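Consider the two complexes below, in which chain A is the common component and chain B and chain C are the respective partners.
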Partner chain A sequence: MKDRIVFENVSKFYDEILGVNHLNLSIPPGITSLVGPNGSGKTTLMNLMTGLVKPSRGQIYVLGCRTDDPENLFKMVGYSTQFDAFPKGLTGFQFLYSYLQLSGRDSHTAEQLAWRAIERVNLRNDAGRNIAGYSKGMRQRIRLAQALAHDPKVLVLDEPLNGLDPLARSESIALFRAAAELGCYVIISSHILHEVDVISDQVILLSNGYVVAEGQIQTVRSEIQEHPTQILIRCTRPRELAAKVIESELASEIAIHNDGRGLLLKTRNSDNFYLALNELALNGIEIESVTPADDDVFSVYEYLIGNEEVVR
Partner chain B sequence: MKSVWWRQLKAVMRLELKKTFFARRGLWIYLVALLPVLLFMAYATAVSRVQGRMADVARHGQKPLTYQDLLAVKQGMTNEEVIASVGKPASTVRWKVARTTGADASEDGVHERYNYSDGQQELYVEFVDGRAETVIVRDGNNLQRDSVMFAGVFQFFFLRLAIFFGCLGVFMNLFRGEILDRSLHFYFLAPIRREVLMAGKFLAGLIATSTIFVASEVLQTTAFLWAFHPNVRNLYLYHNHGLEHAAAYVGITVLACIGYGAFFLIAGMFFRNPIVPTAVILIWEGINPFLPAVLKQVSVIYYLKSLCPVDVPVPPGMPPLLALLISNPEPISEPVAVFGLLTVALVALYVSSLQVRRMEINYTTE
Partner chain C sequence: MAIYRRSYKPYTGALTATWSRWLVLFRYARRNLFRSKVQTVLFTICFFYPLLCLGGIYLAHNLSFLAQIGVSGNLISIDNRFFFRLLAVQGVLAFLLTAFIGPGLISPDLANGALPLYFCRPFSRAEYIVGKSSVLAITLSQITWIPGLVLFAIQAGFAGPRWAWDNLWIAGSLILGSLIWIAILSLLAMALSAWVKWRIVAGALLLAVMFFGAGFGQAINAVLRIESGYFFNLGYLMAAVWTDLFRIESEQSLSAGDAWIALLVYCVICLGLLVRKVRAYEVVR
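The block that comes next holds the complex of A and B.
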C-alpha cells in the first residue's frame, strides 16, 4: 500500500448524481492515463485522490497516506487542476512563491523553488506579469509549475496539455516522462488519445463513473475477446500470403493494404497466428514487419467505450 | 512542526490581508466605518461654530460675565435693569410688530433682543416695549453630557450596525468569496492543515476589521474632542475617565470584531446565501434582551453591552419593551463579559474548524 495509489471500493455521489462507483484501483509508479468521455469520472477520480472531494464510500490511500490529511498528502502530491481561477492580483512568480510559503517553505527556499518551477515550464519572461493577463496556455503552464514546484512524488494532472502549443506540448510530455523515469507516479487525464498512447505506461478507462479497464494497453487489448486482433504485415507478395492465411483459417478477415505492400488481417487467435506465420511465409515471401494494428488506446477505447468525444 | 505552522499562518495572513484591505468589493466597509467619523466631524464643526459665536458675544460684551451673572437676569426686568446687571449687550436686534389687540392697537409694539455670553453659555433676552418678556439661558456644548451621545452612537450605530456589517463583509467572504471566485482550491492544494488555514484567515480578518474599525473609533473620538478647549479636553480625558472610556471603546471594538467575526466565519461555511445568516444573527442580536438567560449568553451584544463604559439613559416615556433594547438591566462584570465573549467565539471557531475539514471543492454546485 505504501508504494501504490490505492482505491478500495470507492464511490462518490454528488447528491443523487453518480461521480464514480465501486472503484478498486492500485496504481503503480510511471505514467497512468485516465481516459474516458466527458462526465465519465476522470476529474472526480483525481479530486478524490487529492482529497478535494471526499468519497461517499470506501477508502483511498496515496502511498499509504489518507486523503483527508492534506498536510502530509500534499507533501507528496502536486495537482494541476482544470479550475482556471487564481487568487486575484498575483503575478506568476507571486502565485508560486505564495504557494510554496503556504507549504511551509521559508522565503529563501520558496523563492528558489518558485524560479526553478518557472524555468521548468518556460515562463521566466512572463513571471512578473499578473496572471489575469496570461493566455490560456500560460495559465496551464503556471498551474503545471505549481504542481511541480515542490518536487512531489505523485503528480496529478487534469488535462495538462489543453491550450498548449505543439512545442509546449512536447516539452511538457518530456517533463512527465522525466518525472516517471525518476520513479514518480504521474496520473494524467486527457482527451487526446494519440498523446495518451505515446506517453502512458498504463491506462485506466472510465465510462459513466465505472472503471471499464485498467493496466498496460496491450494487456487490456488482449483481454478484449469480442473484437479480433488486427495485425498489419508488411511483406513482398501480399496476395500470395493472404491466400495461404485464408487456407490456414487462422484469420477471419484479410485485406490487402492500400499501397499493395502488405496486408491487414483480423484474427481471434493471435498467438497461434504468430506461430504459424513463419511456415506461411516460406516460398520466398519476405516479411518486413508484423505489428498489431489495434492495441493502441484509441482502439481499446473504441471497443470498450465507443467512438465519442475524443481526439485521435 | 510549530515553526512550519507559524510560517504557513503568516503566508495565509499575508494573502488574506492583501485581499481584504485592497479588494474593490470591500470598499463599502471603509464607507461604513467612515460614516460615524463624518458624523462626529460634523458635530465638531457645529461645536466649533457655537463656541466661536459665544466667544465673540462674550468678547464684545461690555463686561466679562459669569454664569451667575447670566442667571441673574429675570423675566419682567426693564432694559435699564438688565444693562445695569450684565452691561450693554454685544449685539442688539430691534424690530416692530403691529399690535392687533388691546387699547393701543393702533401703535406698533417695539421688540428688542439682547444677546450675552460667558463663553460657555448664552443668554437671550427678548424685550417687548422695554420689558423682558422671554429670558433663555442656553448651555453650550458640554463634553461630559455629550459623551452620552457619543456612547449612544457607539452602541446603536457603530457596534450593532457598522462593525456588524463590516464583519459580515470580511469574515463571510473568507471562504465563501473564494468559493464564488472558484479559487479556494489554491489553499486546499497546499500541504497545510485546514485548521491552520482557517486560523490564518480568521486572524487576517480580525486584523483587517480591527484596524479599520479601531481607526474609525480613534478618529471618532478625535473628532468628538477636537472642537473643545484643550483645558476642557484634558479635564475630560485625565480626570473624568475620558481616556479610560476611549480605551474601553477600542477594546470593545476589537472584541466585537472577534465575536461577530467568529459568527460570520461559521456562517460563511454553512450558508450559500449571506442574507439568511445575516438576518438570523441580526434578529438574534436584536431580541437578545427578551431571550432566556441561557440563550442570551450565545450572543455577542450581550457581553459587549456590559462592557460599554457609559450607559445610555432610556428616554422618558419610552415603552418598556423598547426601553429593554436600550437599557442593560442585568449587566455582568467586565472579566466575565470578556471571558464569556471569548468562549462563545472559541466555540464558534471550533465548529468552523470541524466544518473546514469537511469542506470539498465542488464549484459547480455553488
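The block that comes next holds the complex of A and C.
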C-alpha cells in the first residue's frame, strides 16, 4: 500500500447524483491516464485522490497516507485542476511563490523552487507579468508549474494538455515522462486519446462513474473478447494471402487494403493466427509488416464505451 | 510496464509552522488593499476623529491654554461618554471600510474558482477563513480599539495612575465593544461575498443588510406594535451592547443580554454560510 495509490471500494455521491461508484484501484508508479466521456467521474476521482472531496464510502490511500491528512498528503501530491482559475492580481512568479509559502516553504526556499518550476515550464521571460494577461497555453503551463513546484511524488493533472500548442504539448509530455522516470506517479486525465495512447503506461477507463477497464492498453484490448482483434498485414500478394487465411479459418473478416498492398483482417484468436501466419508466409508471400490495428486507446474506448460520446 | 529508475528525492528541508501559513494570505490581501487609492484615502480619513480626540484630551489637560482663550476647564470631559462617542464614530467608519474592502477578499476567489488551488496544499478551510478575515480584523482594529487604547493611555498619562486604575474598565469596554463589532462586520461581509460572488453587489448587499434591516425592523415594530423588530437592526443591537459596556444610561428597548445573544446568533449564521460556501468544489445540483 505504501508504494501505490489505492482506492478501496470507494463511492462518491453528491446527494442523489453519482460521482463514482465501487472503485477498487491500485495505481503503480508511471503515467496513468484517466479516460472517459464527460461526466464519467474523472475529475471526481482526482478530487478524491487529493482529498478535496470526501468519499461517501470506502478508503483512499496515497502511498499509505490517508487523504484526510492534508499536512502529509500535500507533501507528496501536486494537483493541477482543469479550471482556468487564479487568484486575482498575481504575477506568474508571485503565484508560485505565495503558494509555495502556503505549502510551508520559507521565503528563500519558495523563491528558489518557484524559479526552478518556472524554468521547467519555460515561462522565465513572462514570470513577472500578471497572470490575467497570459495566453491560454501560458496559464496552463503556470498551473502545471504550481503543481510540480514543490517536487511532489504524485502529480495529479486534470486535462493538462488542453490549450497547449504542439511544441508546449511535447515539452509537457517530456516533463511528465521525466517525472515518471524518476519514479513519480503521474495521473493525467485527457480527452486527446491518441496522446493518451502515446504517453501512458496504463489507463483507467471510466464510464458513468464506474471503472470499465484498467491496466496496460494492450492487456485491456486482449481481454475484450466480443470484438475480434484487427490486424493489418502489409505484403506483396495480398489476394493470395487472403485466400490462404480464409482456408485456415482463423479470420472472421478479411478485406484488401485500399492501396492494394495489404490485408485488414479480424480474428478472435490472435495468438493462433500469428503462429499460423508464419507457416503461410513460408509459401513465398513476402510479408513486410504485421501490426495490430485496434489495440490503441481509441479502439478500446470505442469498444467499451461505444454507446457513449466518442471523443477523439 | 515501463521500468523506472525510482530516483525521486522528496523535499527534506524544514517547513514553516502550520499555524503561521494563514499569514501568507494576510500579507497578499493586505498589500492588495492599499493598491486602491479610494481605500487608502478612506483608511486615512478614519484617523481624523481620533486625532481630534487627541486634541481634546490635550486641551482638557492644558488649563493655561483654555484660560487664555477664555474657556472653562471642564468643557471637555474625558470619561466613558468620550470613549463611547469615539467608538461610535469609529464604528461607523469601520462599517464603511468593511463595505469597501470586505467583499473583495473572498468573492474573486470564488468567482474565479480559485479555491481548489488553495486547498490542494496543507491548508484548511478554517485557515483560509482566518487568513482572509484577519485582513479585516487587523485593519478595523487599527481604526477602533487600537487608537482608543492609545487615547486612553495618553489620558492616563495626563490624569495619573489613579484615573487609569479607576477607569480601566473603559479600556476593556473599548476592546470588547470593538471586537464584537469587528467580528460581526467581518463575518457578514465575507458571508455575503461568498454567496453573491460579485464584489460590487456584495458591497451593496452589506449596506442593504444594515440599512434595510433597520427599516424592516422599524416597520415590523410599527405594524405589529412589538419591539422584536430591533433584532433585525444590527446598528441598534450594537448600540445596546456598547451603551451597556460603557455604562451609559439609555432608552434602548432591548436589554444588553438580548442584544449580545442576537449578535452572537448573527455571527454563527454568517460563519455557517461561510463554511458552506468556502469549499474546494461547489456542487451545483
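By definition in this document, the second predicted complex is superposed on the first by the 307 of 312 C-alpha atoms of A that agree within 3 Å, B and C clash if a C-alpha of one lies under 4 Å from a C-alpha of the other, contacts with A are read in each partner's own complex, and residues count from 1 in each chain.
FYI, a contact is a pair of C-beta atoms (placed from the backbone, for glycine too) under 8 Å apart; a residue touches a chain by one contact, two chains touch by 3 or more.
This is a predicted model, so every value here is computed, not measured.
Peer 1: On the A-aligned overlay, A:Gly262 touches which partner chain: chain B = first, chain C = second, or both, or neither?
Peer 2: Neither chain B nor chain C is touched by A:Gly262.
Peer 1: Is A:Leu182 touching the first partner chain B, the second partner chain C, both, or neither of them?
Peer 2: Second partner only, chain C.
Peer 1: Applying the document's definition of touching, compare chain B and chain C: which contacts more of chain A?
Peer 2: Counting residues of chain A touched by each partner, the higher count goes to C.
Peer 1: A:Asp151 in the overlay: touching chain B, chain C, both, or neither? Say first, second, both or neither.
Peer 2: After superposition on chain A, A:Asp151 lies in contact with chain C alone.
Peer 1: Figure out whether A:Asp68 sits in contact with chain B (first) or chain C (second), or with both, or with neither.
Peer 2: In the superposition, A:Asp68 contacts chain B only.
Peer 1: If you stack the two complexes on chain A, which partner ends up touching A:Pro28: first (chain B), second (chain C), both, or neither?
Peer 2: Touch partner of A:Pro28: chain C, not chain B.
Peer 1: In the overlaid three-chain picture, which partner chain does A:Lys54 touch, first (chain B) or second (chain C), both, or neither?
Peer 2: In the superposition, A:Lys54 touches chain B alone.
Peer 1: Should A:Pro238 be classified as contacting the first partner (chain B), the second (chain C), both, or neither?
Peer 2: Neither partner.
Peer 1: Both chain B and chain C touch chain A; at which residues?
Peer 2: Residues 14, 47, 50, 52-53, 70-75, 79, 81, 83, 85-89, 98-99, 101-106, 146, 150, which sit in both footprints.
Peer 1: Show which residues of chain C lie in contact with chain A when the two form their complex.
Peer 2: Within the complex, chain C touches chain A at residues 1-2, 4-11, 13-16, 18, 21, 24-25, 28, 32, 35, 108-109, 112-114, 116-124, 280-281, 283, 285.
Peer 1: Per the contact definition, I'd like the list of chain A residues that touch chain B in the complex.
Peer 2: Against chain B, the touching part of chain A is residues 14, 47, 50-54, 68, 70-75, 79, 81, 83-89, 98-99, 101-106, 146, 150.
Peer 1: So in the complex, which bits of chain A are touching chain C?
Peer 2: Residues 14-15, 17, 28-30, 47, 50, 52-53, 70-79, 81, 83, 85-90, 94, 98-99, 101-106, 109, 146, 150-151, 153, 180-184, 201-202, 216.
Peer 1: Show me the residue ranges of chain B that touch chain A in the complex, using the header's touch definition.
Peer 2: Contacts found on chain B: 4-5, 7-8, 10-12, 14-15, 18-19, 22-23, 181-183, 185-194, 357-358, 360-363, 365.
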